[in-house]
Amino acid sequence: MRKRILNIAMIGSGFMGKAHSNAFRQVAHFFDVPYDPCLKVVCGRNREKLESCAAQWGWEEIATDWQTAVHREDIDVVDVAVPNALHAPIATAAARTGKVVLCEKPLATSLEEAENMAAVARQVPNLVWFNYRRIPAVAFARQLIDEGRLGQVFHYRGIYLNQSGNDPRKTTGWRYARSEAGMGAAGDLLSHCIDLALYLNGPIAELTAMTHTFAPGRDVDDAALFMARFANGSIGSFEATRYGVGCQNRNTFEINGSKGMLQFNLDDMNRLAFYDATEAPNTRASRAITVTGPDHPYWQNFWKPAHPIGYEHTFIATLGDFLTAVAKKEAFHANFDDGVEVQRILEAVAKSAAAGTWVQTVPALR
Amino acid sequence: MRKRILNIAMIGSGFMGKAHSNAFRQVAHFFDVPYDPCLKVVCGRNREKLESCAAQWGWEEIATDWQTAVHREDIDVVDVAVPNALHAPIATAAARTGKVVLCEKPLATSLEEAENMAAVARQVPNLVWFNYRRIPAVAFARQLIDEGRLGQVFHYRGIYLNQSGNDPRKTTGWRYARSEAGMGAAGDLLSHCIDLALYLNGPIAELTAMTHTFAPGRDVDDAALFMARFANGSIGSFEATRYGVGCQNRNTFEINGSKGMLQFNLDDMNRLAFYDATEAPNTRASRAITVTGPDHPYWQNFWKPAHPIGYEHTFIATLGDFLTAVAKKEAFHANFDDGVEVQRILEAVAKSAAAGTWVQTVPALR
Amino acid sequence: MRKRILNIAMIGSGFMGKAHSNAFRQVAHFFDVPYDPCLKVVCGRNREKLESCAAQWGWEEIATDWQTAVHREDIDVVDVAVPNALHAPIATAAARTGKVVLCEKPLATSLEEAENMAAVARQVPNLVWFNYRRIPAVAFARQLIDEGRLGQVFHYRGIYLNQSGNDPRKTTGWRYARSEAGMGAAGDLLSHCIDLALYLNGPIAELTAMTHTFAPGRDVDDAALFMARFANGSIGSFEATRYGVGCQNRNTFEINGSKGMLQFNLDDMNRLAFYDATEAPNTRASRAITVTGPDHPYWQNFWKPAHPIGYEHTFIATLGDFLTAVAKKEAFHANFDDGVEVQRILEAVAKSAAAGTWVQTVPALR
Amino acid sequence: MRKRILNIAMIGSGFMGKAHSNAFRQVAHFFDVPYDPCLKVVCGRNREKLESCAAQWGWEEIATDWQTAVHREDIDVVDVAVPNALHAPIATAAARTGKVVLCEKPLATSLEEAENMAAVARQVPNLVWFNYRRIPAVAFARQLIDEGRLGQVFHYRGIYLNQSGNDPRKTTGWRYARSEAGMGAAGDLLSHCIDLALYLNGPIAELTAMTHTFAPGRDVDDAALFMARFANGSIGSFEATRYGVGCQNRNTFEINGSKGMLQFNLDDMNRLAFYDATEAPNTRASRAITVTGPDHPYWQNFWKPAHPIGYEHTFIATLGDFLTAVAKKEAFHANFDDGVEVQRILEAVAKSAAAGTWVQTVPALR
């Protein structure tokens, strides 16, 4: 079977650009997709970085003008991997020209912006890079929940701690400027927690939040916390911070239900802890399942059972599922509408933190 | 040296009565105290349980009338180990007669009640059984903090999860009745988190809380959560629940500071995790210190290094330190005034949860 | 019911003397035994240490002549807690006078000595302090094995690592002198591994061993290792060392069978890891069971589920089971005959290490 | 800079063929090597599997005759990823024609065969795929050892446990036939332990071994164990088994030295536990270092610190280092001579197991 060539224009060549480049290179090695991604052009502001990125990953061309790249007729897919404030103009322009649009998270810098983006992007296949949904352990958590293995959910905890803010060398980039990032830890880290919560535990009905900036003079939040009530009656507790000294990349969730518990930690991404409360009392205990097969999500895509995958595979699996869905004309998540729902919660977090009160977060009807 | 005999009257013969009886029996074996506790009389409502308790632990007498016991001239110490609503009358009566007073936690069922108790108890040596302060790992955490090993504190997390509420067989006792317990998970579990937080991180300035009752018809909280700002500028996140399915006795704290991190979990009570951010980057990592010596709190009281102690030793160490302080006429904590501070936060939690707003929790000047 | 008073003479007042004293004091608090141990006399060579021990634990008398103590008519029980070379004369004398005899491990300094001791001791109730059999997690492992949860056993690993030998301050005691200890790490540590292996996996048929002394001039082994074949067809791997730097008290076993795996580590003594190979592949994983109840060995003797016990409770449980067995005239293990079986393996280890060949270890018929 | 194209012929298209294909595809994305690998031809016996492999990874051609492929003038590199018994003829033929030769482990099915292979291969750049040396945590262990952080080594333990043998569905492949594999668990698993031991702790002087086959009728070992003395005076303990039920891919080493301890487990491959015995006693404890940077081996090749890599990256790093060494005409390890040293130990294991005695394993002088 001949595969259709997909010409990619990637806007941005930073760390996400590297992760996406690798995904484009690797997706067809691990997923049986009817497309052959062609790394056509990488766009950015810094020519030297672009040349280095192109040399490393084999991008055919470089360009410093994203608008031209987005409007090229030979381009099929536009991948947006730039600072948050640029997501909207690029993704919207790309969607308007009928390109397939992939966008980094958080989708936007405000709820209104996100909604406008989604309104346009709905016309084309679209994706938000909430890559952690495709960690096999996370997808397996969702499967166990769908099978009813947790029963009625009581508690959901989503926490993302790193220590980037405590390191003065790392605090001058765009992630620390409101004009470019929109938010601080909330957009960068908490958005991941929120997306996983919505994916695993459904809509959030209301919340009360606090944010804090530890560094003098910084205009984005260093930490953002909130307590919530989910539509399913469970209680949520969330925290994200760049001052979690001792934690490099601790993105965790924990769910207690009437029939069991699930625990995940990105620092140990090939495992999922599962406590089955229906077992005999004397052998009932949390078990650390190595989610590399057999019978786990993606176990036939990558290596053999017990051969761990790493960070980059979350992007490969996201892209693999997306291209499969595009080929089959099936729905794909997380898409721009999912990105809007995360933005709705982020906006409520900001609003609640400013007002010191609870805020309703009624999800949109779609 | 002859030891002075201390005649004890213990009010209550439940699980705490067992833990206290053991502490009275064992304290002189592990601590060099100038007293010889004599288990004089155990009081309660149920004669059969009293006889069983007396037979097991060697209480000389049993009594069903606590007032007579408390007023006996031969009694030196009154130990209050009954449901919360009875703490105030018994402890107050005992203090008024000049007895040494020991009281289970939470001190009271309201802030006002607690303050009244403390006002009376200040006249005599007094103790609140916040036993977890005396876990060697917890005391060592305090020592490291006092030495400045954490630097400026950014985040404090205190969480106590058990699953008692999800077990219908266990939910009919006094702990589930407002008239006897005052509160639910808040008084039972969250009070421990609050005491440790005040002990380790100082006063809480303000908080916003939520509480929830999962079980229909129950009149106490099953879960209580709050977010806080500490007086030292750090941010706190707290949760206690009886619906933490999968967790039997998970009482944890975690502190991130500019120079390091500490983590403790009661499920692994002989260990303290310490991350020292001042070390060389390539060998910097959290270390799970077995806090059984050498050079750890209480390491010469119990067994040799690497020979773990258990739950009961927290009571023994509390009593050992208390009797030592009494002998030396030194201050002891946690005392009734410390119990008041915990009650102040519990009251703010209830108030904030009802109002849905932030509440100031300015600590009392003493 | 009136309890019978048991007058104890304890020979030795070192670390084991402390552990035994505590067991005598505590056994009736946790076990429903028809005896009331009376700490009559503690014997030893150093009067100052004896007085300190007596003061701390309430021994009524001290004595420096064990022979007189052992022959006193008012003594019911002789407890031997002295260096290994003295086990035989004291235990034998005590058994000959009809006393109940308790003896520290290893039972003797040679197989012949052990067999002679057992021949005499069989006339009276007797016990060897292989206390780790009574760790709830270990007793539960035995229960799971007896229930067939492991299926056919393939592999048994028993390892005991500490770092005492690497610490020059600790190497001058009797444990480092052949004349007093008989062996080094083999008697001190490996004997525990062997006893647990025989208890959990049955007789050893043959073995090949190596021993090594790292410290110049020391006349006992610092490390002892062997490979073995068990009578049940499984393969064993054993190691004990005092040069396991980084390990304070790591006494572990691990068993792989056709239906599952068990893992235990004394450093985490309230837990047992169990892998059930008969479960569904995608949720099959090792689970760390907290063996504090419900439905676990000793869970009703000590505290509530999830309230950990410590090192000392292994001695209390050993004594509790022993006194119960004595009262019911039932068999008790580990007794002197069990001590002989451990000695048989230790002797084979020494013989094999010297010869560099495999040695048969056919267990005695009893 | 133009890169030189390297035409690859890969012999074998099984699991290792997949891992190698990925390494050829990815090496230039993560390592700055002056070569551009071209996946020219994949050879094997099964045309259908070859077509599938070629389609997945982009091999330009397939071939069922390895001899023709090996002798093609346009081929620069021959990669041998076939059952062990075929390593010698293919690798030798390739080396004789002057090709760069890469060979899977174990190098051969006998010491003599391995020595003959090495004699020929020394004429060309050559590599044995002992990929676990390139796990960052393992390479970092070597670095710490080289820096003297362990002091004098006392104990080395190398264990590789999986459960493949206990699964009847998996036991019919070439790995279970002596004619194709030469050995069972010894060649498959123990060879990895031996290579790491020689890499980390130097030559083995003597050993005594046992092997066992649990499955009736199977002609290779299911388990192989040995005890050893290293040339540096330390003691070794080794075990490999396919009946380690409960363990999927547990390849561990543990080293105790006078100044510290190291522990590694392939099941947690991004971490290395390090105990530094020179630290203050009260904060001395094993720390689980996440070896993903900063300042760790390969941390600038893959992702950012705390972004884990997986199984496949061990092959990429091996190839990256090899191509770098080839370009710089520097020595590379593990090469065929290193493969010989592993084979020397494997042969001694077989010999000792058969004879039941210790065997000298004096390393060859080179």
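A, B, C and D are the chain letters, set down in written order, and residue numbers restart from 1 in every chain.
Simple rule for what comes next: a contact is a pair of C-beta atoms (placed from the backbone, for glycine too) under 8 Å apart; a residue touches a chain by one contact, two chains touch by 3 or more.
All values reported here derive from a predicted model rather than from experimental measurement.
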item	value
Most remote chain, CA-based centroid, reference being chain B	D
B-D or A-D - the one linked by more C-beta pairs in contact	A-D
Centroid spacing, where centroids are CA-atom means, of chain A and chain D in whole angstrom	36
CA centroid of chain C to CA centroid of chain D, Å	41
Length of the line joining the C-alpha centres of chain B and chain D, rounded to whole Å	54
Residues of chain C whose C-beta touches two or more other chains	286, 290
Partner chain B, residues of chain D touching it in the complex	140, 144, 274, 276, 280-290, 294-296
For the chain A and chain B complex, residues of the former touching the latter	154-155, 157, 161, 163, 166, 208, 210, 212, 214, 223, 225-227, 229, 235, 237, 239, 241, 243-247, 256-261, 263, 275, 277, 286, 356-358
For the chain D and chain A complex, residues of the former touching the latter	15, 18-19, 21-22, 25-26, 28-29, 56-57, 162, 248-249, 267-270, 290, 292, 302-313
